[in-house]
């Protein structure tokens, strides 16, 4: 049974379907768009990022590549500089270390170093996040790591609707975009998603601009700023808190670079209380950036702040410990209560 | 030439059967609680699980030449190698079940097994166990001991920079290192020929002026011979070897892998080429009878059952334990005190 | 002519001399300590980090290595896990991308992933910083990048005295330490250092603990928190400001992991005004961490904050542009004045 | 076999002389204002400077087979290659002097020269120009054009993962790529044999089932022949080549390098083996007389002087220009508007 809103839009879709739809649309529209990555052809992407693309577009445009991230991400840079529009997948963001020079010293810097005479119109897609016990080398988000380094636009959608519009923008953009999709949100059969990410999604193409945070829930008491999976945990916490009489505003950053400081500031000016929730490591990361941005812009607006993030340890394997380090709905609720006091 | 003695055949057979039964048991345990509808984040064994059924020959054929003080690094598919290297099976199993008494106190898990007693370590990042193995070889050379180091990797990993750089570093210093490539024809869904040239991975050695050899059949005795030569060369100070071994992937890449990309004939072919059956047949030729083989299998089954039973009785870690072990020493290092002359003015930043 | 204080200590030394002295001392004391890196033998380190070591210790313990950062930094990890105590040099921190997996997925995580059953007693030395027009791939500090990721201790000395004591601690520590030395502070012949880093340095060995910031100058009006080269720029600014009647407290963090939040907080409680100065990129980095740490711990203590850092662009080559992006003494002074208003 | 015609000899000679004079002139310009006491952060030319005097043969021998639509990536020592690839010399020089009208508006500098008109790019990170060159080759193949891509690197770079991975990727797809290793015997202070095995770097190709060839003498004509074969192979769709060329480093690694690590005999040996003299001698055999050689040299000298003079007249960039060019499009991408149906409820996060 669908709601009237869904009727208006046509249907709902998982985040993975929405992403693939955008990619397929762009591949149809422009022969220069192609996808490369490990297991993106017959497998359809370990996290369903390329389901069905091989069938429609063939091996030349949906390319399995050697386990040589430096070589193939660098090849994407080279192809992009030649004017093609590659989408290249790094299977887990945790593998960035084998290819970070191509990502960061070439992909991200060549436009600047060339004084704008070269463009690098590529999208680097990569899976992020934990919650399924994949341990220290396969569970990180590394949001802060990528957002810290200039030259890349950094996108991290939390719903199918956003995922599609941001993917269209990413592919059409002449700049390198790092598109971080959270495994837990994709709607993969073997990794059930929460309810939130599956949203109504228009069939036609549309672009969502980077750098516009989305107020996923309005509230007057406390501002929660977050992204990715934790948008849904924050929304869940907000429901609980509403029963306690605390009205939480939940801001989904949607992109880390550019960062929409304005929307955050506006909300804090209203609520005075700021909680930042992040699935990345606590220190020198997203939480610090959001809080200090507000402090720098309007210190007086801030009455209380709190950050909720992964404490500064690698992600442990065993479930009780992983659950302890990745912020849960309860952790968010508790932080909101504590700043609300 | 290091031909395997009948006793060595027995030892290999026992470890291979142990590894096979272990993987089959883990498969059952893993699936339990994940159904219906396979949810990877539920069940007794957390996370991903990469099983090595069909790759046992490559493990025993090399590791049975090793001592405890020799180092082995294994990749994401490590159990058979760990068993052949005599990693503590109970604590390893407890680790895989995420228990407090596991090898890594539940912090590492199946892709990150560490056993200092037998110098065994893993990494889940393709080929990145190679450089640390080279480092272990370097340490042996510097200390003038005759320890050797072995790095295991898959055939898909031979395209990765970390492996290729390691070949040069080991070669230019004549280090006691053996690189063992387990060629199971597949890197997840990607067949070898789609992503790698040449077909024979041991040819990579040619570009680094290094010994390279491929064991072209999934035969523990043949691997044992080639492994003996490679380990012997390393131990005697005659430099590194790249050894590729044909093995067979009998299961999916990881548990839950639908293998829809894999032709049925290929799956059948892999199933038909069982190195354990082959070794058993050879053993019979050496006069080892079915009863003895049966006894070995029983022993192996008991050992596996004991380890799993023990592991499942172990407690889960406390949530707060997540905060331990980021460091060995305190954060401040070996001291928490400013040095004494700190007040002498030296600490104040000089004379400007 | 030496001051009485220098007499007490014996002599002054450059930062490079002080570092090398500590390394040599540890190599004499422990046969398991060795140094590996590109051009560290005959050349003595491109930035004078190993001057004279080859002569004393020979090629086995002062090893030139192939230009294979993944292989040799990973070899250091392996040797460290075998119980040796390697010091491995990454010539410029900007090259981290070719070896980040060894640095971060192995060196930094193996202790944790092994539940403490393995230690990785190694020091990763690396040169950081700009101010000599080496452009986007050779001028960064990347302080935030390294400090964000757990499992590594991160050291960045600003004086010869600190450099020596921190190096002794780094080598003796059983944990991986990233030791970031600023090229401009080393006292290299071809890259003149400011006056500050050359300090009195005791001849004997001594250890400075990680996680203790050093108040390099006391003052009641404004707190400036910084590290590395910018300690000296802040001190210079403080001299200027003193003439204007503003008393600046200058805190040298000395280490980023662990981070001495306590000393910063104490100072801000006194001054109420906080300026953070960093030679790394502004967003998602050191400045955000310091400000939000204070905001989280004691929001009321904060009356004004400002951050001074590299705007979020790669480092440009040409001098006027590099000078524009790397904070200068004037930029620090201006920020101090602006929070002082 | 592609033997160089007399006209081709003239063209090579002219570019080689241009490159040599260019480096010598830059050396003077660079040192000016840095003395006394060589301060790298002063003087008209900012930053590090890696000059390629003695390596000209490797540049012209390959690049003279290239068209503007062919791609070249060069490493930290790029000038001779840029000249042979017809990069705009004036704007390149202005870039090296950090001027606003430089190729990169002063943002790139001598290690990061980019000229889209002739598809030329650099990277100062060892071997990391290789993957983008492979990508240019891949683009050519996908577009079914006959463009080729050439990646230059030093002999010290052949131990780096980025190069080695590129060999496999180019080989497995038969891409139109030529890897040119300039073997000048030194990687800064490290002699080849200390860090690399084997001695002949073109042997790396053997491990990747790829053509490998070494030109064992610093001879432009020989490089031209080998380069012609390699570029021709690539252009005709017959796959990649690894070409190593013996060259000689006549100067320090970078300006200011005391070269105290380098035996004097080695410096003398390099100085004595001048590929420009060798080519001139060959040209005389083809009947090209001294006067013509002189004319070519004059032309080259004029061109260098013109470029440097022009460059030095160019304005420095405004400080605020540092904030431009991080992106080609605006930060928000191709749109700054939320899509229209954003208010339909679809944007609100679904039905939960």
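Each chain carries a letter (A, B, C and D) given by its place in the written order, and its residues are counted from 1.
Everything that follows uses one rule, which is that contacts are C-beta pairs under 8 Å (C-beta built on N, C-alpha and C of every residue); 3 or more make two chains touch, one makes a residue touch a chain.
What you are looking at is a predicted structure, and each value in this text was computed from that prediction instead of being measured.
Novice: Select the chain at the greatest separation from chain B, using centres from the mean of Cα atoms.
Specialist: It is D.
Novice: Given the two chain pairs A-D and A-B, which is bridged by the higher number of C-beta pairs in contact?
Specialist: Most C-beta pairs in contact, of the two: A-D.
Novice: If you average the Cα atoms of chain A and of chain D to get two centres, how far apart are those centres in Å?
Specialist: Computed from C-alpha means, the inter-chain centre distance equals 38 Å.
Novice: Please report how many Å separate the Cα centroid of chain B from that of chain D, as a whole number.
Specialist: Their C-alpha centroids are separated by 42 Å.
Novice: How many angstrom lie between the centres of chain A and chain C, each centre taken as the mean Cα position?
Specialist: 32
Novice: Multi-chain contacts in chain D: which residues touch at least two other chains?
Specialist: Only 102, 104, 106-108, 112, 123, 125, 128, 159-162, 165, 168-169, 172, 194-196, 325-326 qualify.
Novice: Can you list the residues of chain A that touch 2 or more other chains?
Specialist: Answer for chain A, listing residues that touch two or more other chains: 65-66, 68, 70-71, 94-95, 97-98, 101-102, 105, 112-113, 135-137, 150-151, 257, 312-314, 316-317.
Novice: Tell me, which parts of chain B touch chain A in their complex?
Specialist: 37-41, 46-48, 98-99, 102, 104, 106-109, 111-112, 123-128, 156-157, 159-162, 187-190, 194-196, 256, 260-261, 316-323, 325-326
Novice: Please name which positions on chain D make contact with chain A in the complex.
Specialist: 71, 73, 102-108, 112, 114-116, 119, 121, 123, 125, 128, 130-140, 142-143, 149, 161-162, 165-166, 168-169, 172, 324-329, 331-341, 344-352
Novice: Considering only the defined contacts, which chain A positions touch chain C in the complex?
Specialist: Residues in contact with chain C: 70, 94-105, 108-109, 112-113, 135-137, 144-145, 147-151, 256-257, 259, 281, 283-293, 295-296, 299, 302-307, 312-314, 316-317.
Novice: Which stretch or stretches of chain C touch chain B in the complex?
Specialist: Residues 3, 5-6, 8-9, 12, 34, 60, 65-66, 68, 70-84, 86, 98, 101-102, 105-106, 110-119, 121, 150-151, 153, 158-162, 165, 169-170, 172-175, 177, 194-202, 206-212, 214, 216-217, 231-232, 235, 252, 257-258 of chain C touch chain B in their complex.
Novice: What does chain C use to touch chain D in their complex?
Specialist: It comes out as residues 38-39, 41-43, 46, 64-71, 94-95, 97-98, 131-138, 189-192, 311-314, 316-325.
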